[in-house]
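Letters A, B and C name the chains as they come in the text, with residue numbers starting at 1 for each one.
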Amino acid sequence: MSEYTIGLVATAVFAITGVLAVSEKGIDIFGAVVLAIVTAVGGGTVRDLILGVNVFYADDPTYIWVALVAALLAFWLPSFFTKTQQLLLYLDGLGCALFAIQAANKVIAQKFGLPIMPVMLAVITAIGGGLFRDVLAGRTNLLMTRQLYATPILLGTIFYMLMLGMIPESKIIELLSIAIIFLLRSAAIKWSLEMPDYLFLKTHD
Amino acid sequence: MSEYTIGLVATAVFAITGVLAVSEKGIDIFGAVVLAIVTAVGGGTVRDLILGVNVFYADDPTYIWVALVAALLAFWLPSFFTKTQQLLLYLDGLGCALFAIQAANKVIAQKFGLPIMPVMLAVITAIGGGLFRDVLAGRTNLLMTRQLYATPILLGTIFYMLMLGMIPESKIIELLSIAIIFLLRSAAIKWSLEMPDYLFLKTHD
Amino acid sequence: MSEYTIGLVATAVFAITGVLAVSEKGIDIFGAVVLAIVTAVGGGTVRDLILGVNVFYADDPTYIWVALVAALLAFWLPSFFTKTQQLLLYLDGLGCALFAIQAANKVIAQKFGLPIMPVMLAVITAIGGGLFRDVLAGRTNLLMTRQLYATPILLGTIFYMLMLGMIPESKIIELLSIAIIFLLRSAAIKWSLEMPDYLFLKTHD
């Protein structure tokens, strides 16, 4: 599968998580589609606005169509997707990994606030849509959990930036970084890994 | 009334709904004004940012002034506006109809992601401010109700795009589409129409 | 201290408030950093997007680094910052005052929607990050309190605009406006000032 195809699959998966996030509270078909599209393209939209470039779906609305169709499927077949939720988690992890490194490349190409902005915007691209989803769905958002969700993205992107400093423009580093994010996240899903206590803050009055 | 006047009236109505949304929880005059302005111009702002054009009130701050004055009126005379809530609902529906079709025209003029982006940005323009309002007010947002609120906007805008494909640039199609949205929404208000079960998703664990 | 230094201190303080806002609910180190950065630069980001200019940290990522380091300090030493919470409140007030007037100047320099947009964007710059923080942390946001938080910012910026109309480009007016905001806010902190009843709306069903 090419990167483009993986990106479209990930877009569909993000959209489906948007619908499933509210399926228990109840939502109509239209609200489901809006929430799905916001979840699917929200992170990349914020990245492009901050970069000051055209939003990525201006050039290629395929992303919007994919999110739309995925939302309709999730709406009509929620039980199918609930059953495959485990698979969706892995695909979501793969999508986050791919989008994060693609975003880092886009920011680097613009020489925008190196070296910190590629990392920051990679994370925003990967998790921004999920944050919008959680806020609109009225859920506790993904920042406030002990699950290893955003941490693999952060570590993988930092690894990518460090290696790029040494071996510029290598496709292998790119694939390696995507693999690191995906494998860390997969391990977290498989073994329900959580942040250790010394990396988790919880104060008591 | 010209489209411009209707737009200003709708801006005022959006602003008033922003204040009334929090009047029971309690808010000071300043917070009321901020919430009103965000509600009134939030949707159009997101549209313009995604389009990559100047925000519409950069050229004409009248919209901001109108939202400001409407917010102050709603703040000082909440009982008056609570009594006229039914009328406000209809005016809000008219405003959504107008703003949606105006937004579609703006997106089409930019040849931006045709044909899906005019529909998507029309919906975002019409309901975006209301979503900001609901999130800031800590309310369940308008996506998660069975009321026909956003659905008429979506249907009317799709109708508009379909007809435009056949009869380009006709003012009559524009007015007809605004009328469709407004009449559907009015019917929904008058007879408390809700989404039928097969278009509403609610799963149970 | 130069304005630039005060701005960096205020950025750090904003970041710390972002971490403390969720320290009781629990957050991992990564989520803390994201929330801190969003709180620190969120308001200025929205201002720059609406103005249609490059985000301010594109030219100078120092702001992001400062927010990052401050977030890590707050994460490792929450009890230290909880003890100095009173001091943080004053520094936050000073930061809001400075950022508001700086924002007004930036908007005026662009001749953007005078005279209302400088005031509106000054307020958004000063409180926008805090609103993002409150929404992401799932807290009642700062608009819906009786505390005098945003009101001093609004009054000071209006004062600034009025005086500028009479005495253009005077550094003294700038410093005076910052002082007015800071002193009003300081008084509100010291004596727990609240909005009087006639400026606070709370309806009962």
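Everything that follows uses one rule, which is that a residue touches a chain if its C-beta (ideal position, glycine included) is under 8 Å from a C-beta of that chain, and two chains touch if they have at least 3 such contacts.
This structure is a prediction, so every number in the text was calculated from the model and none was measured.
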{"item": "Overall pattern in which the protein chains touch one another (line/ring/star/complete/other)", "value": "complete"}
{"item": "Angle (degrees, nearest 5) of the CA superposition of subunit B onto subunit C", "value": "120"}
{"item": "Centroid spacing, where centroids are CA-atom means, of subunit A and subunit C in whole angstrom", "value": "29"}
{"item": "Where subunit A touches two or more other chains, by residue", "value": "49, 135"}
{"item": "Subunit B partner contacts - residues on subunit A that touch it in the complex", "value": "19, 22-32, 34-35, 37, 45, 49, 54-55, 57-58, 61, 64-65, 68, 75, 78-79, 82, 135-138"}
{"item": "Subunit B - residues contacting subunit A, complex", "value": "49-50, 52, 112-113, 116-117, 120, 123, 127, 131, 135, 140-141, 143-146, 150-151, 154, 195, 199-205"}
